[in-house]
Amino acid sequence: MQIKNWKNWFDEAGDMSRFAGRFFSQWFRPRYEVAEFFRQCFIIGYKSLPLVGLTGFIMGLVLTMQLRPSLIDYGVESQLPAMVGIAIVREIGPVIAALIFAGKIGSSIGAELGSMKVTEQIDAMEVSGTNPFKYLVVTRVLATTLMLPVLVMLGDAISLYGSYLGVNIRGVTSFQLFWTQVFDNLSFSDVLPAFIKSFFFGFAVGVVGCYKGYNSRKGTEGVGRSANSAVVLSSILIFIIDLIAVQVTDIFELN
Amino acid sequence: MAKQTISNIKLGVFVITGLLFLILLLYMIGKNENLFGSTFRLRAQFGNVQGLTSGNNIRYAGIQVGTVKKVRILNDTLIEVVMLIETKMKDFIRKNAVVSIGTDGLMGNHVLNITPVAGTADLVGDNDILPVKKMESVDDMMQTLAKTNEDVAVIASQLKNTVLRINSSTAVWEILDDKTVPQHIRSSLINVRSATAKASRLISDLQLVLSDIRDGKGSLGAIITDSSFAQNLQAALLRINEVGADADTLAKTINSLTRQVQDDLDRGGGTANVLLKDSTFARNLRESILNIREGTDGFNEIMEAMKHSFLFRGYFRNLEKQKKANLLLKQ
Amino acid sequence: METAFIIPVKPVATGTKKEEVIRIQGLYKSFGTNQVLIDFNLQLFAGENVVVLGKSGSGKSVLIKCIIGLLQPDQGLVQVFGKNIPDLSHEELDKIRMKVGFLFQSNALYDSMTVKENLEFPLRRHSIRMEQQEVDELVLNALDDVGLAHTINLMPAELSGGMRKRIALARTLILRPDIILYDEPTTGLDPITGKEIIELMVDIQKKYKSSSLIISHDMNCVRMAADRVVMLIDGKCYVQGSYDELKRSADPRVKEYFE
């Protein structure tokens, strides 16, 4: 039983890798589903902004308020903007945005493609002269890959604004001073690795959601399971990618 | 189709806003790291850069003017720091400006300080090498500071102890308050000195008498040549001699002591404190002064008694006669 | 089954043409160890309605998915308009698919699109250069054919099961296919709606002179629509003939369908 589980696990991992490979072999070939890609960008990117923005705002505010007491203990309260800024830009911003994104988009892609699979809509597309992989998977994976970094950037900005409000709850800092303190303590090695890893987060969410949906088993239960496992797996992958990213940046001495 | 265009606009705004923030972020960082805007290079050579690395800030008189481009080793004892400085600073930095490595705050990053120096010199050009000032590294400073702190702590605790003891000791305050003590000591010393002078004079007188007696002068020569009497007398003389010598050293010691006590009283501190720790000292001192006075008084009494003794009456009378004669001769 | 008697294929009564549009020979298809189709043979002539009758899980759906190229057969010949489907390139397959309509069992209407967009989808996807006006006209015609012109701007979720089936049919018809493949067209519908759908299918077949291959286990459907019935038992073409011929059959495995 144990061995069979492992076998299934590896089987699925291999299958998913092949699925991702199929994405790479197809995305640059015509025909290009431009309109559908933009539609997906709109749904995946723009429509996720309120959720990502809200969580980012709260994280910025809460992190600032939580860090203040310990910084006061060390007598470096004035470093609060710098510290929160680095935490948000390097780690909190990308990871929180990606997790929220996985919850919202990963599950919706999993459920949407799952139900399309179950109700033969994917077959219908193929019959209608459409490559469903390109039309459904490539557009969605590209959209998640490209939209998450944009969401992360906007989420960072909103988080920093939340942090600015958090600083001002028990102290007075002008917006300009806050801004200068944050930027003076940031470097390219803080922004770029975080920005680059958010592409991978987006890709992981897109590929996992599409894979789970595309290979959904018959029945409504299968659809639910696809959506659920898409969220779980993409959340885990986000943390694994985060781990790899920090090691890679460490190797390149960008830390 | 109208619906589609609206969502396109929203998507466009969304993406462009995100990218603008990224660009802003990168631009602000780049501005801090002097990636944009024109710069020129300056160099400085150190024996030890204390962990300065490329990207550290450079300040001219406290103003952010550039960043460290790179740190490279020229040879085993010389390390060169290449600086990127904003071009507009070419009008201000002179060739005699001194470069030093400091830290931003107590725990902050290393910074390179360019300090202007009084006196005229040409303005710097590209790739000039600026003179260097060795600064105490924060490490050394901290170590010294720690040691000093420890010493200060020890001293402070001892001082506190002393002060407490002085404060609680009434004897010391008595002595310190008593202005007559040094005077007493001085007068007693004068007494001691006069006593010793008297003693020495007495001894020389006695020697004279003895030689006279040995020579058989006087009516009582025969009696006095009694050997036992002579021996006793000799021992007494020796003892008297010793007393005189002791008194002499004692006088010296007490003399220096009084001077010190006087000094300490004038300055209100120093060894007097240590000396005066012993509360019994004052009493002893006073007693010993009294003793000395008593001793000298006793001596005088002995001398008087000797003068009136029948044995020496004649001798003293002669002596007085001689003195009178001398006086008459001098007159 | 040596006892099985094969009724020779008769020329279709209405058809003046005898053109063979689909020809399946020696088709094998298995999923893992499960042999679904074993040496299956079928012919479909132009203008003919053929019903493939069989139990659930007998491989009927597999058969038509092989015809449209959604599944690859393990072995055998699947010729549509004289071309073997498994050998075709993607472009060639798309050309065949323009001429072959497919009505899915679960309708397969795109949930995220309106009825109009659903109907436009095959027109736009098949790289057909067409003016918007022309497209609108085709959409309206197709909707008129199924009697649901008023639903043009609704979403599929707002429609009843029967309406959805009809919209799906309209979408299948919009490309004016020469062959229509129906996958269980009456499944999930009440008998009356099912009957309406079958009537619609027959009407359309008459109107456009297309041929159709219907997969079903619904005897009403067989009776009303079939020019010829093919019974799929044990992965083989067990027997074929007209409805009446099969009804008179003494074979117990055939008879159980007519009871």
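Going by the order they are written in, the chains are A, B and C; count residues from 1 in each one.
Rule of thumb we're sticking to: a contact is a pair of C-beta atoms (placed from the backbone, for glycine too) under 8 Å apart; a residue touches a chain by one contact, two chains touch by 3 or more.
Every value quoted in this text rests on a predicted model; they were computed, and no experiment measured them.
S.K.: Which chain's C-alpha centroid is most distant from that of chain B?
M.R.: C
S.K.: Looking at mean CA positions, which chain is nearest the middle of everything shown?
M.R.: A
S.K.: Provide the C-alpha centroid distance between chain B and chain C, rounded to the nearest whole angstrom.
M.R.: 112
S.K.: Counting in whole Å, what is the centre-to-centre distance of chain A and chain B, each centre being its mean C-alpha position?
M.R.: 69
S.K.: Using mean CA coordinates as chain centres, what's the gap between chain A and chain C in Å?
M.R.: Distance between chain centres: 43 Å.
S.K.: Which residues of chain B are in contact with two or more other chains?
M.R.: none
S.K.: Which residues, counting only chain B, touch chain A once they are in their complex?
M.R.: Answer in residue numbers: 4, 7-8, 10-11, 14-15, 17-19, 21-22, 25-26, 28-30, 32-33, 55.
S.K.: Over in the complex, which chain C residues touch chain A? Could you list them?
M.R.: Spelled out, the residues of chain C in touch with chain A are 65, 68, 70, 90, 94, 97-98, 102, 104-112, 121-122, 125-127.
S.K.: In the complex of these two chains, what residues of chain A are touching chain C?
M.R.: Residues in contact with chain C: 112, 115-116, 118-121, 123-131.
S.K.: Under the stated contact criterion, what part of chain A meets chain B in this complex?
M.R.: Interface residues on chain A, with respect to chain B: 38-39, 41-42, 45-46, 49, 89, 147, 149-151, 153-154, 156-157, 183-184, 186-188, 191, 195.
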